[in-house]
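Following are the structures in question.
Two complexes come next, and they have one chain in common, chain A, joined by chain B in the first and chain C in the second.
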Partner chain A sequence: MTSSNFKNNSNKRTRWFTNITLLRESQITKIHYITGISALFVVAIHILMRLIMPFNMSLEFENVILNYKNIFYALLLESILVLIAIHGFNGLRVILLEIRQTLIWERAVNILVIVAMIGIIAYGTRTIIIANGFSVG
Partner chain B sequence: MLLWRGNIDMTSTTSAAKRIDDNNKNDRTNRAGIRGWLNPIIYGWERVSYWFQRLTGIFLLVYFIGHVYETSSLVSGPDAWAAMLELTQTIGGHLFLILVIGASTFHTINGIRLIFTQSGQGLGKPGRPDYPYDPTSVNNKQRSGLWIAFILAAVAMLYGANVLFSGE
Partner chain C sequence: MKIFKKDKKRDIKNKEAIEISNTTDNTKSSVKLRVFRINAIQDPKDVHHFDEFQIPVKRWTTVLDALLDAKSYHDSSIAIRYSCRMASCGSCGMKINGIPRLACYTKISELATNTITCEPLPNFPYIRDLVTDFSQFINHHRSVMPYIQNKKADIPDVNELTEYEQTPEDLDKFLQFSYCIKCGLCYSACPTVATDLKFPGPQALSQAYRYFADSRDTDKSNRLKVIDTSHGISRCHFAGSCSNVCPKGVDPALGIQLLRSHLLGFSNSEKKIAKLQDRSSNPYTAEEGEGDTEKNENNDK
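What follows is the complex of A and B.
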């Protein structure tokens, strides 16, 4: 690889919608790894919360609502939601960009994953907020 | 670029061009194309790992979206929650959750292996390409990482099956 090629590649950034450059692919990959590793820890806590009592009992409505009313657990659920949404939809983006490499396809995939990511985070956050304010019994 | 095999009679430009075209057609028939790329057998366990990582990733993303939708039934009250929960309280539902456990375990362990690999760990030292041209990057460290991912996924699935089917 020549130095000019290297310079061109190092300046190559993901162009999300138009010609505005937001992040380099190397930065997105690092975000992918960080969200993946972080999700591992928070999901482990989420699963352990289901196993501290008999599994079926832990899924009873009152128990689940009590979990949501705990502000720390609610924040944990929100972090799971955000981390997995970013990791999952970026993973989908990578797979779709491996299939085809045209500018239109790349832009369409980028828009699709960002909209889906925002949509799922908004929908999950709505559940957490409403369940957090739910009154039991 | 044109590629051909065999001897070509250059005395006639037309016949030579025709033979090149025929040879190119034959070459195309020999190419595996996207089917070869998809084939998990001929490229070894590394290709199996590649496919499993992507398939489990897509499967887990679908589950994640379904799980967010499923838990949203909480806001509609206890009856809606119980109705939604009944879907997972069947044998089919349990088997699906066991698959989720296996997929998430494999995706996690293999993902950690890939992070190490892409940061240059466990790839071996680069060397002169000698016959039979085995790449140093496809070594026992990589393969054992892959096998650990498969074994831990199986163990997690067994544990999950025990919890789900015993109800404890």
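What follows is the complex of A and C.
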């Protein structure tokens, strides 16, 4: 069997599965770079905010909750969450893609990573909303 | 007397290298040649072993010469692939003392050791002994469309396009990358290829840049599409080992980075082209030809 035959057959078998193309790899790479650099800035601000009072005080329960109550700080935390989740999970995806090169593995990794990323962002956002006080529950 | 003592000390220190270089006086010297042996075609489960040969060498003996000596006088069953014996055909790539090199381009004297170990290129399936299977490598090369694509070339009136025009500056943008002899050394040194067989590898990607940068080619966007996949150019970790081992100075890592910057739209830069110096103030060159000086000035602009 030639390599092109093999490719065609495997494409037929997995067509339903492989038709999902969300973004080109260069677009994903751009997003990876942009989220990485942006995360550096927001994390730097987040760490610097620990220094406006003695470090151990800044991590006391009341002070942490006060941080969440400040809408700007809550937005900063949300942006850290989103940027790190996108950057980190794409990094994980790249590592996993190198382990095996089958189409099914590739698609499974992509789907798994997107689901995990959305799950982490949703869970983190829920925490931020509850701590901020908008919670209805 | 002191000088003599110093020389003697150095002699002892560089004993091995000097032993080989002494052969210029036509005194005999030899090295131990260790050759990787396997027959993966006859028996895919064959386990490799090393055969050792004592080979006489001279200062100019290359590893390929030593292997052919072993084949001629010790064991005619050693499998080697070679053709030009002058680093032009790219057939004789192998791992010599742990580094991918061309056997015909590696002199034993420059290895400065008395034991030469020859193994097949890593990242290529074994066929027999030092011969490896290049099909995957060539498929990757083919996948980047290593030929000029120009829509105007299909015009029925052939006389209109008997040749493509190209300035020396345009040629210089890709000339270095066109020196590739497809020896596969870069492919075997690439850590990404070692884990990801779908990755085209440094050779194919640098050839993609070679045709992308060619002013005669008009299918640039399609070229970028071909390498913009999940196992494409983005998987390059920029280890740079490809450029380290390339025997022709192609610098595939540079080609990959230039292509990547085009793909991401971060920069449209080409390879830095050496500028001609303005020698108009030099009385010797100014006298030689005014036309040349004019050209230099134009280039500087």
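The rule we apply is simple: the second predicted complex is superposed on the first by the 115 of 137 C-alpha atoms of A that agree within 3 Å, B and C clash if a C-alpha of one lies under 4 Å from a C-alpha of the other, contacts with A are read in each partner's own complex, and residues count from 1 in each chain.
Going forward, contacts are C-beta pairs under 8 Å (C-beta built on N, C-alpha and C of every residue); 3 or more make two chains touch, one makes a residue touch a chain.
If you're wondering where the values come from, they're calculated on a predicted model, not measured in any experiment.
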Which partner, chain B or chain C, touches more chain A residues: B
Shared chain A surface residues [contacts with chain B and with chain C]: 29, 33
Residues of chain A that touch chain B when the two form their complex: 29, 33, 36-37, 40, 43, 51, 54-56, 59, 61, 64-65, 68, 81, 84-85, 88-89, 91-92, 95, 120, 123-124, 126-127, 130-131, 134
Residues of chain C defined as touching chain A within the complex: 139, 192, 195-198, 224, 228-235, 263-264
Contacting residues of chain A [partner chain C, same complex]: 3, 24-26, 28-30, 33, 94, 97-99, 101, 106
Contact footprint of chain A on chain B as seen in their complex: 54, 57-58, 60-61, 64-65, 68-69, 71-72, 74-75, 78, 81-82, 85, 104, 108, 111-112, 115, 118, 163-164, 167-168
